[in-house]
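Chain nomenclature is as follows: A, B, C and D, assigned in order of appearance, with residue numbering initiated at 1 for each chain independently.
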Amino acid sequence: MAEKKDSVVLLVACKDRKGIVARVAGFIHDFGGNILDSDHHTDREAGDFLMRTEFALEGFQIPREEIASAFAPVARVFEMRYEVHLSEHRPRVAILVSKQDHCLADLLQRHRRGELAIDIPVIISNHETCAMWADLFKIPYEVFPVTQEAKREQEHRVLATLKRNQINLLVMARYMQILSADFLAAVGCPVINIHHSFLPAFIGANPYRQAYERGVKLIGATAHYATEELDEGPIIEQDVVRVGHRDTVEDLIRKGRDLEEIVLARAVRMHVEHRVLVYGKKTVVFD
Amino acid sequence: MAEKKDSVVLLVACKDRKGIVARVAGFIHDFGGNILDSDHHTDREAGDFLMRTEFALEGFQIPREEIASAFAPVARVFEMRYEVHLSEHRPRVAILVSKQDHCLADLLQRHRRGELAIDIPVIISNHETCAMWADLFKIPYEVFPVTQEAKREQEHRVLATLKRNQINLLVMARYMQILSADFLAAVGCPVINIHHSFLPAFIGANPYRQAYERGVKLIGATAHYATEELDEGPIIEQDVVRVGHRDTVEDLIRKGRDLEEIVLARAVRMHVEHRVLVYGKKTVVFD
Amino acid sequence: MAEKKDSVVLLVACKDRKGIVARVAGFIHDFGGNILDSDHHTDREAGDFLMRTEFALEGFQIPREEIASAFAPVARVFEMRYEVHLSEHRPRVAILVSKQDHCLADLLQRHRRGELAIDIPVIISNHETCAMWADLFKIPYEVFPVTQEAKREQEHRVLATLKRNQINLLVMARYMQILSADFLAAVGCPVINIHHSFLPAFIGANPYRQAYERGVKLIGATAHYATEELDEGPIIEQDVVRVGHRDTVEDLIRKGRDLEEIVLARAVRMHVEHRVLVYGKKTVVFD
Amino acid sequence: MAEKKDSVVLLVACKDRKGIVARVAGFIHDFGGNILDSDHHTDREAGDFLMRTEFALEGFQIPREEIASAFAPVARVFEMRYEVHLSEHRPRVAILVSKQDHCLADLLQRHRRGELAIDIPVIISNHETCAMWADLFKIPYEVFPVTQEAKREQEHRVLATLKRNQINLLVMARYMQILSADFLAAVGCPVINIHHSFLPAFIGANPYRQAYERGVKLIGATAHYATEELDEGPIIEQDVVRVGHRDTVEDLIRKGRDLEEIVLARAVRMHVEHRVLVYGKKTVVFD
């Protein structure tokens, strides 16, 4: 396998206008950069322009720490939101988990195999159940039990842990608690959740039970950014699997686990490779 | 291709008890029948037993017109609902269509290729648009325009046409009208509808527009029996196709057409082969 | 639906070097063009660079007939192969068909619905069977029977018909003849074939029978460019559908028809929108 | 979740004749058995009849150890091959693994979650690499290195280990060695292998590399019984995932891992629930 070279990802969003691609590509070329991958999308209905460009760091004449400020004048011309990500900065990801361990175990195994270029400095749970995985992969495991009375306090402890670990992404790997609006306002990084249905079908509790009772012929899973409105955040990835009348609720749960793992893992991978741009209530995924 | 021999399909539904399979198989065997295919399902949660058995007519010692009454004593023992269908009785299917012709054209082509063992004595529409297909395949085409004032009268004319043609199944092939509760109560045969979403997501009007705005990564289609509650009838078949941020609403409509055709055709095929049993709000599909 | 504006597609292939994107985007921007869509791919293993850029014709300062020659100096710098396609030039597509009509009928219906921005000046067959579709859609239908002795002559008549109709793409819509190397050398336009298996499995005759005997759990269809080596041409699109032990060869054929239609239609659409670039024995599909 | 009651699975294969279903169902009913699930298949082309019936042990009047002999007279009448499996006898499964651990880890996690009603008394490898999984789940791990000179001897040690552990099923979870014909003749239990392609495409070594070079648009995985002819054994399960021109060989390997895990796990589950019947070079899977 070829050694992956250091690179820079530039994410850009603005209103659509003439000349954006030429200007961005020109900026990179003018300073000796070599574009490795570039994709953009124009939402003609909304008039939005979104772009992801990855270029080699090697040979680029602007020092890495000055790239963002050097691009600012270009951004100003087009009134762009933009982000600059260096591949050498591995995102720091925290995982929230309850009792079910399959999504956690799956992410940790992918991480160990090198599928995810991230660091996982901490796993946080409201139960002891999944500690074996943290032990196995030598990752700190923090347990903050949730109680009716002290939900707010528990969230504060989670927030403090995230802050202390300088987390860039929080992943809810079947964390069976709803994060409060206060938490989401304070968290300071994106939060990805896996919902065990094909949203917007079966919002809320027990989606497999709901699916069973409705008699659907496919069940799904949805990875999305968590927002204040439950199960309404921008969707990153979805997939489905066929079920039939022989499948009990337990079978749906079993089949669903495979979906949940794969859909969540794809979403996390897309996010940490800076391939997802949110605009409005939707996402663009440059895969 | 082997000539298909005449056969009998026996559909049975009752509360689960010991000995049903043995009793039904024994009834067939005792009168010289040869079982070609047999499948059953026990819903342990609901305690329901559902069964489909197909056996060869050749060599069966009960005359075809007496099979149903001969089975009645067995049915009484187990308090069964049951149906007897002879393969030589081809279901008479009417198709309801509005302006979009793709599902209609698809069903007619499958019919001509011999995929559907049915007769199609009439196509009914509220528009002239699809008459070319009726002409091509030499099927009577009745137009009953829908007006705000005269919706009830229009439905009466549809009902009269169905009755006159002794219809066993009514297929709504993207018929853009909602059938009234009165119509459904009076129609006297099952009605299959194709809804252009993955139900229960995106109930009601403009599901592709809804899907576009929610930013889903898959779109679906659902064939279900029409009931009084809009889009709530028992689901027969569903499928999905992947969409992405580049797809406009027009692209969703285009991709969805292929889904609609295939999902509706599968549902109609399963129904006319007597493979679908409704129980509660769900179906068993013995495929 | 928004009126689609006239646009230009520029396809480019060359060895990978620094600055290609900037140079191409700069060329378009310098002459007042507005990029609508742009995608490129670098095959790092082969060192190949491939790019598709679509820009609005409106406001572009180079007259349409001079765009290709105006781009030549840029192409020379990077030793590019390139093509310029104007959306106002609808590709002229001929369809070759034998007795089975489903792919033909499907393409013609998509064409009529506006899914394919092409002209279809002629349908060519070795049988009369499909003439009804040509009649229905008012397209000339030429029949050149194939005989053992006169295969070469038959191919000459097909070639002459293609030439006379100035065909840009030839589609084999389940044409059950193998085109000779001489034909392919002389045809002067790409040829797309649909093979009824998941290539490279089941090359050659009777793939459904082969699949049945091997006991596979999925069957497939493959659209590819026809080359001298049978079923070895660059693959444009593939898909599969699940089959089981209950499916006979006839069921495989029936299920396969839906696949064949959809896979062929997607490949034709991608090709006529100039989204497919062949390199080596493979394709890049910018979808 | 409902406690699963003890049950008996009866598998039957014979030439098709009248009255088989009635006779088998009658046998069960006559001795007080309650059929929980029953499915059969008639291959009309081959004239084969295959059946799986599961019935409750509770209330069945024949002692469990005598069921097989009690059924023998029925089997003789129809010249049946048959097997009787008691749910209380959990199949003893050994897993063969090399350096790649994903399929092993997946099976072990499913086992721990209760998805597979089996015992795993031993894991056998030619490398130390996967010992951590054996440790984690407290399963004996035997390492028998493979050398050019001593392949035969290594196989003998594997066979002895299988025998000592009274293994009913051997699973090759990405075991990168080819088992010799002698081994397969001596092993005395079925062997399931996972091949990382959509067989019969890409038989042999490096299927992902082969797939990459052919430029396919989907990659697959196939679980099959191992036979003397490499990659030619009866197929139990297959699935595919979409790939594109951006995917490198490494991406195919990564995407393929998910497929391999799921396809192998499904096949093992089907086998240990006695849902797979081999006939000729094919399988029936009663799912």
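We take it that a contact is a pair of C-beta atoms (placed from the backbone, for glycine too) under 8 Å apart; a residue touches a chain by one contact, two chains touch by 3 or more.
These figures come from a predicted structure and were not determined experimentally.
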Worksheet entry | Co-neighbours of chain D and chain A - touch as defined | B, C
Worksheet, complete the sentence: So the chain most remote from chain C by C-alpha centre is D
Worksheet item: Taking each chain's centre as the mean of its CA atoms, how far is chain A from chain B in angstrom?
Response: 42
Discussion item. Please tell me the distance, in whole Å, between the geometric centres of chain B and chain D computed from their C-alpha atoms.
Written reply: 37
Practice prompt. Send over the residues of chain B in touch with two or more other chains.
Written response: 44, 246
Item to complete: Sort out for me which residues of chain C touch chain B in the complex.
Response: 1, 102, 105, 109, 113, 115, 132, 136, 246, 250, 254, 257-258, 262, 287
Discussion item. Residue numbers of chain B touching chain D in their complex, please.
Written reply: 2, 18-23, 25-26, 28-30, 32, 34-40, 42, 44, 242
Discussion item. Going by the contact rule set out above, which residues of chain A touch chain B in the complex?
Written reply: 41, 43-45, 198-202, 213-218, 220, 234-240, 244-246, 248-249, 281-285
